[in-house]
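See the structures that follow.
Heads up, the next two complexes both have chain A, just with different partners, chain B and then chain C.
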Partner chain A sequence: MIKRFIYSQKVAPYVFVFPFVAIFLVFWVYPLLSSFGMSFQHVTLGQEAEWTGMDNYQKLMGDGVFLKSIGNSALYMVLTLVILIPFPMLLAVLINNKWMWGREFFKSAFFFPALTSVVVAGTIFRLMFGEMEGSLINSVLGVFGIEPVKFLKGHLTGFVALLALATWRWTGVNILYFLSGLKNIPEEYYEAASIDGASAFQKFTRITMPLLKPTTIYVLTISIYAGLAMFIESLMLWNGNNSPKNIGLTIVGYLYRQGIEKNNLGYAAAVGIVLLAVTMIINLTQLAFSGMFKKED
Partner chain B sequence: MKKKWLMLLLVVTMTTMLWGCGKSSNSAEGKTSVLDGGAGDTATELSYWTFVELHGQHFKKMLEKWNAANPDRQIKLNVTVMPYDDMHNKLSIAVQTGVGAPDIADIEIGKFPDFLKGTPQLEPLNDVVEPYKDTIVQSQIDMYSKEGKVYGLSTHVGASVAFYNTEILKEAGVDYKSIVTWDDFKKAGMQVYEKTGKYMGTADTSAGWEASMMLAQQKSDFTDDAGKPIVNSDAMVKGLKVLKDLQDNNVIATIAGGQPDTEEAYGEFNEGKYATAFMPLWMMSRYTNYMPDLSGKIALAPIPVMEKGMPRSYGGGGTGTVVTKTAKDVQLAKDFIAYAKLSLDANIEIWNTLGFDPINMDVWNMKDVTHNPENQFVKYFVNNPFDVLNDIKDEIRLIKSTPASPTINNVLYTTTLNEIFEDGRDIKEALDDAQAQIEQELK
Partner chain C sequence: MKKNTALNIVLVVIFAVICFLILLPFYAITLASFKPGEELIRYGLNLKLDFSVMSLDNFVFLFTGDHAYFTWFFNSLLLTVVQVVLTLLVSATVAYGFAAYDFKGKNILFICVLLIMMVPFEILLLPLYTLTFNLGMMNSYSAIILPGIANAATIFFFRQYLSGIPKEIIASGRVDGASEYGIYARLILPVMKPSFAAMAILNGMNSWNNFLWPFMVLSDSHKYTLPIGLKTLLTPYGNNYDLLIVGSFFSILPIFILFVAFQKYFIDGMTAGAVKG
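For the complex of A and B:
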């Protein structure tokens, strides 16, 4: 009986899938539903929660700091997309080119930053972008006769530092995604195109880009999510969750401030649900437009 | 070929994720060390969390004395030092859920009201405070109390003073002793800037030491008697206007880090770029620890006032040591912290080890303690700190800590002061916005 059960072809797949499903249910679905419930409550740890209906959401809509954090996260997301998709793609094509020398070196050099911890990287970037004359970036600017800049105190300059960190850290990872995509494009297509007299630029736009589309969509999807969910980079760069004038406050940062720092978990749950909704709407729209939901031919 | 790439990708992503996890948990756990203080095998082990490494040193000394005096109630102390935000966040979750809290912990005054919300998950300390009540400053007990119950034991008074760099002042021909009012300070500062190109002081944006001192000298506060925020009061506007005027005349300027008590600012002070810091007395320990180049150059003096006769100081900052409800041996923990913080010995050691102004003000008059030539703080500073302290003794005002304080601090020190001193925004406008934001958040 047991033997028949174990060897049953119908049961086996479920057995193998079970661990994933169990973890998914316990650590994803349950917390998700529970936060959804919490977002309609006033929750203080260790004390009875009370239902407050839409109160948290109503408060959110009039909360200037929350709107600012959405603005910051959205801006960060858009800018990382603008930087971290085209450039890694071009670099990947360059590295993949058979005339390129030192390919292995560049691959690892670009990827290396991703191996460092954000905590360390953030701290070093904070020091580099320090407002003292002696900080690295200001010393470099000083060579060109530019006055020291208070990078981490201004909205624009703060974002420069934040994007510099993101670019430094994620370029290599995205290059890797694109390289693996490039490996899937058969060499014959390029040969055929050469015979037909296509230029390098035409080959890139007509062969490489369309065939990289699945990879691009994947990178786009995770980048949208990563951009909106960014938190630690900002936390480390400003040495805490309280950046001057909240220039570095992200949605998750605000969730952390309300939930953990102010022990207002119901309100924080509402912030989290809004973040989830925003991310889902953007990503589903994006995936629908790029035709990911269409059946394969 | 395809598979190989996929494998590499998988392996790399997985290791990156693992690396990330390992790193963050390491840095979040903090540094733990066990102090046995000469305790035997029967000693009770108590755990203690703090955000100031130096506080552990004080406990070490007091623990040795305690264990020697109480052989049947000996203690081993597990001290864990964590960064400020980290420790308070963790402690807050631990005491509220009743899981994982230490027996004893330090809570900073700015965070203390959060721990008093609802039913405090801390042990009342009234019985152990009682014997020392007459020897310590009453307001230091009230600061950590709620509805007549004391929950935290104060560390110091934190009387605020001016720290002047006499080397810079000498270069500019200024005598700090003649500075009484802000007008005097402005004149001196303009002279310093003209002669040396250095700033007389800082315009703080990330902390409220200066804002508090301006309010205190006008006998005002961030909150009214009922504890409601009044950050756009006339006194606040007037106080910040004085500072803004100083900034406009190159007397004070914003500093890296936003206030004197930050790593970046220590460096700027150490290099002699700013001549004055207006800080609570515990700033002394930062000088001796982080600004060695200024040894023998820093003099203490009362803070300037708007008009002669106004109170010249206020108690700034503070740390309350608490016993949690989940402590292993509540009575032992309570007795020990009372001994380690309130006894006369403790108050003397707090000055000796930490350089803080003790809450037992009798110590302020013990010449052999305060003027001990071997003391590192006496050696470092130009004049004796207690000469200044005893001069302003009756003028030390209290800035209240209320349930609204954490929110007020957050709004003022992340947004408002930056808008005023970095962006030059109109003071009244910025404060009105702050008041509205604070009211909205407290709803």
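For the complex of A and C:
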């Protein structure tokens, strides 16, 4: 009887998707709800929680370190967008042909950095941007007669190192995304444009860019998310979560500091909820503006 | 565009310069792995090819020295293999449920799959941490593996792949009297094989490089994975560069070899989300 029930065509789909439902409820819905609940409480691991209403959120709004971490994450996100969308798009267009020498080699080589873990990549970049005269970047600057820079001690120079790391790791991946988008643009469009006497620049702005829109939106969405949630890059570059004057502190870094390092879980949960809200608002606005919610034709 | 030698040369020069910059950090770490850590502390990471200080000492130390590197290495390997096998099986099963049937609640459930891809996993870290603590699962591999076992991107990819498989296979299976599960196990899974490679590599790479969540769960140094182990070599009290550099270098190798051998699958896996179905 039970066997017949489980084996029926009506029940089988639920059996198939059951693992997802279980994981989703236990490891996503429950934590999300409990995070939301915790954000209104004072929680310490292993102790009774205490309701404090909006206290955590009120405190956050006046917390200078938190505001600084939001500023850092937002700045990092914006700068990664500015660098990691136009340049990979342009490079993808340039390499998207059948005749360029060594194009397969370049595509692979550009992808190499994405294979490394942030721990390893961060270690390498931390050393490259070291403050010694002989450290890689400083020794290059020295050739141009520039005094050694203490990269990781300053806000601006620290961000240079962070962005260099991000650009190094993600350029190749984004090129691949744009290449897979370019594959869907029919060759005939370009041929027709050539007959009409369009210049290469016109073809890029009138054909390539509009038709790459779905890919661009995808890259934009994941980059906004990744930019706002960045943490380990900063952790590795500064060899810990404490950068001088918090120049490298991100939202997730602050969440980690409050939650894990200071065992102030309720407050950290509030940080997480703010991060979720900010990410969702920015991404939904961006998707609405780019017309993703309109009926597709 | 027509074949054009001048244009070709300009392009190759541009790409060669960028390629040089991209490969530079790899060259620097490779070079450093042949130099004593003391050299690194004194002069910084540089590109000086100085054979008088270079030796295989670090590699000898890596393979014969008294340290836990290969414990971490094999932990990572074990965790990666188990995670990949379980994730692929579970995600493929779920994807089949979505692709082969129409059932009540299907759309809402699939929106949940997409939602997972949009919520930053980082905000779940603390509640997952307390949950793991309360369940007494701290310091266990299952706490690392379980939350990722129904991987949204993988389910999404498999569902796309399955939508290209003719429904007649299922229908003919039913005519032959196979059960719903028999159809999946004996008729569908074999057809899905090609799509497993790309997802195995994507998940394997993520698992091999995964850091933050395992770092929070594992406290016993015998259970550390490679990225965590390497991170512990960096301390505020001085860094163990001898092992760190050569260990970092060696940790990239397995993925590099896999990449060179299965390049196509890497690229398919990485771009799976961007291709609109």
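Following the convention adopted for this analysis, the second predicted complex is superposed on the first by the 277 of 297 C-alpha atoms of A that agree within 3 Å, B and C clash if a C-alpha of one lies under 4 Å from a C-alpha of the other, contacts with A are read in each partner's own complex, and residues count from 1 in each chain.
To be clear about the criterion, a contact is a pair of C-beta atoms (placed from the backbone, for glycine too) under 8 Å apart; a residue touches a chain by one contact, two chains touch by 3 or more.
Nothing here was measured: the structure is a model prediction, and the numbers come from that model.
Of the two partner chains placed by superposition, only chain C is touched by A:99; chain B is not. If you count the residues of chain A touched by chain B and by chain C, you find the higher number for C. Of the two partner chains, chain C is the only one that A:276 touches; chain B does not reach it.
Of the two partner chains placed around the shared chain by superposition, chain B is the only one that A:59 touches, whereas chain C remains out of contact. Contact with neither chain B nor chain C is seen for A:78 once the two complexes are overlaid on the shared chain. Contact with both chain B and chain C is seen for A:176 once the two complexes are overlaid on the shared chain. In the superposed pair of complexes, A:192 makes contact with neither chain B nor chain C.
In the superposition on chain A, A:263 contacts chain B only, with no contact to chain C.
Using the contact criterion defined above for the overlaid structures, shared-chain residue A:30 touches chain C, although it does not reach chain B. Judged by the touch definition given at the top, the superposed model places A:130 against both chain B and chain C.
Touched by chain B in one complex and by chain C in the other are residues 45-46, 111, 114-115, 117-120, 130, 132, 176-177, 179-180, 240, 260 of chain A. Interface of chain A with chain C (complex): residues 7, 9-10, 12-17, 19-21, 23-24, 27-28, 30-32, 34-35, 38, 43, 45-46, 91, 94-95, 97, 99-102, 106, 108-121, 123-125, 127-128, 130, 132-136, 138-139, 168, 171-173, 176-177, 179-181, 214-215, 218-219, 221-222, 225, 228-229, 231-232, 236, 239-240, 252, 255-256, 259-260, 265, 268-269, 272-273, 275-276, 279-280, 283. Put simply, chain C touches chain A in their complex at residues 1, 3, 8, 11-12, 14-15, 18-19, 22-26, 28-29, 32, 40, 43-48, 90, 93-94, 96-98, 100-101, 103, 106, 109, 112-113, 116, 118-131, 133, 146-147, 149-150, 155, 179-181, 184, 205, 208-209, 211-212, 216, 226-227, 230-231, 234, 236, 239, 244, 248, 251-252, 255-256, 259, 263, 266-267, 270-271, 273-276. Here chain A touches chain B in the complex through residues 44-47, 59, 62-65, 111, 114-115, 117-120, 130-132, 150, 153, 176-177, 179-180, 183-184, 240-246, 260-263, going by the rule given at the top. Residues of chain B that touch chain A in their complex: 1-2, 5-6, 9, 12, 15-16, 19-20, 23-24, 27, 85, 89, 92-93, 95-98, 114, 117-119, 121, 205-206, 254, 256, 258, 264, 267-268, 406, 410, 413-415, 418-419, 422, 437, 440-441, 443.
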